[in-house]
Amino acid sequence: MTKITFLCETNPGANRETGINPAYENGMDQYVYDFLCSKGYDVTWIKISPTDDGSALTDEILENTEVLLWWGHIYHKNILDSVAEKVVARVNRGMGFFAMHSGHHCKPFKRLIGTTGNLSWREIGERERVWVTDFGHPITKGLGDSFVIDHEEMYGEPFDIPNPDELVFISWFQGGEVMRSGCVWKRGRGKVFFFRPGHETLPTYKYESVQKVIVNAIEYLTPDEIVAPYGAPKIPVPPEGDIKTW
Amino acid sequence: MTKITFLCETNPGANRETGINPAYENGMDQYVYDFLCSKGYDVTWIKISPTDDGSALTDEILENTEVLLWWGHIYHKNILDSVAEKVVARVNRGMGFFAMHSGHHCKPFKRLIGTTGNLSWREIGERERVWVTDFGHPITKGLGDSFVIDHEEMYGEPFDIPNPDELVFISWFQGGEVMRSGCVWKRGRGKVFFFRPGHETLPTYKYESVQKVIVNAIEYLTPDEIVAPYGAPKIPVPPEGDIKTW
Amino acid sequence: MTKITFLCETNPGANRETGINPAYENGMDQYVYDFLCSKGYDVTWIKISPTDDGSALTDEILENTEVLLWWGHIYHKNILDSVAEKVVARVNRGMGFFAMHSGHHCKPFKRLIGTTGNLSWREIGERERVWVTDFGHPITKGLGDSFVIDHEEMYGEPFDIPNPDELVFISWFQGGEVMRSGCVWKRGRGKVFFFRPGHETLPTYKYESVQKVIVNAIEYLTPDEIVAPYGAPKIPVPPEGDIKTW
Amino acid sequence: MTKITFLCETNPGANRETGINPAYENGMDQYVYDFLCSKGYDVTWIKISPTDDGSALTDEILENTEVLLWWGHIYHKNILDSVAEKVVARVNRGMGFFAMHSGHHCKPFKRLIGTTGNLSWREIGERERVWVTDFGHPITKGLGDSFVIDHEEMYGEPFDIPNPDELVFISWFQGGEVMRSGCVWKRGRGKVFFFRPGHETLPTYKYESVQKVIVNAIEYLTPDEIVAPYGAPKIPVPPEGDIKTW
């Protein structure tokens, strides 16, 4: 099965110890981890506490990862630039990168897309309707034209991203906003997917439709092969052989 | 006129002091600078010697730049990450970025596109034919279907870039390779242009067709307006007003 | 000033004679025509009644058109295939094509994009919020992050279109849907723009924001030059001269 | 196995009866048909003679086709518009369309892309090098960075197509031209692939690399599911229920 690394903040909202999250009895992070394991994936879980800098994502782990799921929100700045840099390099050689919810602001994602990832937001638990815009896309398999999440944080346009190679979902919010909430970009031999829903204090990851998206996306992001770095080869002898240039 | 900053390596090939460049009597850098001035642009020239780290590109200069031309080759690694980061931020707020020749490997360019920019290469002074692939594009104004550069360094596919938003030129090389040699990407409110020809020891920038490309590209890259950073605004009150969410 | 042709159905809703349209005292078609003239454009108005087949759009008119605005709804099928074909050819040579509202189903638009243009719809006069998704785009000049139309017909996703080259607007509807409502595609030397709002029995075209979009779009769609058809030239002598192939 | 329909002109160059084609003892069409059968596909062969109008491609055949390969050159104009129209509709519902060589000018292809497909050309049997530009793409599986065809017809830029969703190959020609020779576009639930090499009087389809491309492309174009037409559904009751609009 696909080798997954699930990097997730252990923040007060997401974590069980704090006991303040009514949505997931054992914390959001534990819930997502258990879900991924239940699907048979080979999962490595990396916890990012307030004092972590991401160095737990070692070269060895990264090398053995086919799809990296990244859920972060509050501690983005703590992550080392060097970690972001090696994630980007790894994606380029053929690793899927799944930016979950507030992952739009994590360092590797911003470096992969080249923009700020900024957006507007509001946290009042409003209704979100996620609409399929690319109805033949593998990530939408088994979904109808739309699905509902009863209560979510709002993220709204303008969303500062490059035009996605594939725009899979657009969200409608009860309060009046819209958002490109499922986007794919290709970078080197790897694919990047951003999926908006997933606020830590709301039971979003318990929705069957959301779980379908995650499974579909992991399958879509799994690279055919992991390759050696593509370098900058010097080709001293032209394919056309001994040509006369002067 | 457009406010331009021309950042250019003072490398042994490009610079006059070394006296080893037969193509430009006063160095390539001086030639390009003079050309830009002759077109009436308001030009700031930043020289990158082997001991420079790019900090000469101050916030004040960057703020007053509409289009940043970046020619680098040997000293890419000397540039501070913080400089690359602020260039990316500035592009996102509305500045044109013009990666010239080996600029495909400069730090800001790689961060803007999210890939390695790697390619194959060879330096035997072979013939290059630059073909227009997007024949209505403003950057191709005044050019025919193609133009020739008699002697150039070869850069070849695979070129590790994201699919360009606009593919303007493809090059043919005498030795047998091809290359996407004119590419546009949009990032935030700014545009990024890569233009391949421009090896420092060959008189490429003296070609009228190449000069047309530069002038057209500067016009195309000039932003309509320089804007304040787009943040991540909290919108406490929904546009739809007092909605019931629970 | 830009030479515009405004092709518009004289349908019961849009037209003044029927007297059933409370939104525009002289009909929607007259209102839009007057607005275009007030901006100084050189406007040719072609009325499509239930018995017209589009042949009033002669070769001569088409040849003298820089931007063609097409508003149709009920009589799409009456338009001759040959008319659609020559519009497509004209766009490819450098003419802007502006599909207004139900123009998503007109023959030339469907041929230009290659898909059905199908979408879901509802007509209860609900509120529409149009959000800017590409905030540096020329078509959004002078608009804020969004604007409101108090009452509109709903068009919703999935909208069967190819991924737009530029996605300018996404609409939010009171009833729960979203829609990519401002899209640009490039075809040959011409550009195609679809703009969703504009139901004939509602005063949409009286909104200042909508009028700004129309003016901005016309400027954006205006070609730099009108060119001769690009053929399929035989190049008997290779650019490389007398090469040995066998 | 994938259900394929292979539509091919029986033109003097391609066909065995004429006996003028030294490249394929039984004609090019027979060779390609045999090759497809040898790979285990369920193949329907439709021959287009000078007097055929394409009506042999019946609704029933089309309905049972997952990937349609279209090789045509001289008789494009003989094909009925209605046949082109139903092929486009079928692609949109989920059928792969493979435009082979001169298929860039066939009616369904031009309608799917919305441009003329024009290009420059020359027939002197020169060398073609096909370069991979999207090195992680499924269509490139098992190929190196490039492959050579010893003698081919030249097709060159400018090639009048919309910017491909995926640019897979670029060709280099001995005579000095380049060409985007492997391009993918998505249309509705179907994918469209154009692959340049394949001139009828040269043994291009005997090359192992070309055969790999064909097999890879068929797999890539095969739709996950064949779906009912997507209509334009009226949604009388809003997802949000009984909303107040006036």
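When the chains are written out, they are named A, B, C and D in that same order, and each has its own residue count from 1.
We take it that a contact is a pair of C-beta atoms (placed from the backbone, for glycine too) under 8 Å apart; a residue touches a chain by one contact, two chains touch by 3 or more.
Keep in mind the model is a prediction, meaning the values are calculated, not measured.
> Is the contact between chain B and chain D built from the same residue numbers on each copy (over half shared) or from different ones (under half shared)?
Mostly the same residues form this interface, as more than half of the numbers used are common to both chains.
> Where the centres are mean C-alpha positions, what is the separation of chain A from chain D, in Å?
From the centre of chain A to the centre of chain D is 34 Å.
> Express in whole angstrom the distance between the two chain centres, defined as the mean CA positions of chain C and chain D.
Distance between chain centres: 30 Å.
> Residues of chain C touching 2+ other chains?
Within chain C, residues 120, 129, 135, 146, 156, 158, 160, 163, 165, 173, 176-177, 186, 188, 230, 239 contact more than one other chain.
> Sort the chain contact graph into one of these: line, ring, star, complete or other.
Drawn as a graph, the chains make a fully connected set, so complete.
> Mind pulling up the chain C residues that touch chain D in the complex?
On the chain C side, the touching residues are 81, 88-89, 92, 105, 111-116, 118-122, 124-127, 151, 154, 156, 158, 160, 162-163, 165, 173-177, 185-188, 229-236, 238-240, 243, 245-246.
> Using the touch definition from the top, list the residues of chain B that touch chain D in their complex.
Of all residues in chain B, those touching chain D are 120, 129, 131-135, 145-146, 156-160, 163-167, 170-173, 176-178, 180.
> Hey, which residues of chain B end up touching chain C in the complex?
Listed in rising order, the residues are 94, 129, 135-136, 138, 141, 146, 148, 165, 186, 188-190, 223-224, 230, 239.
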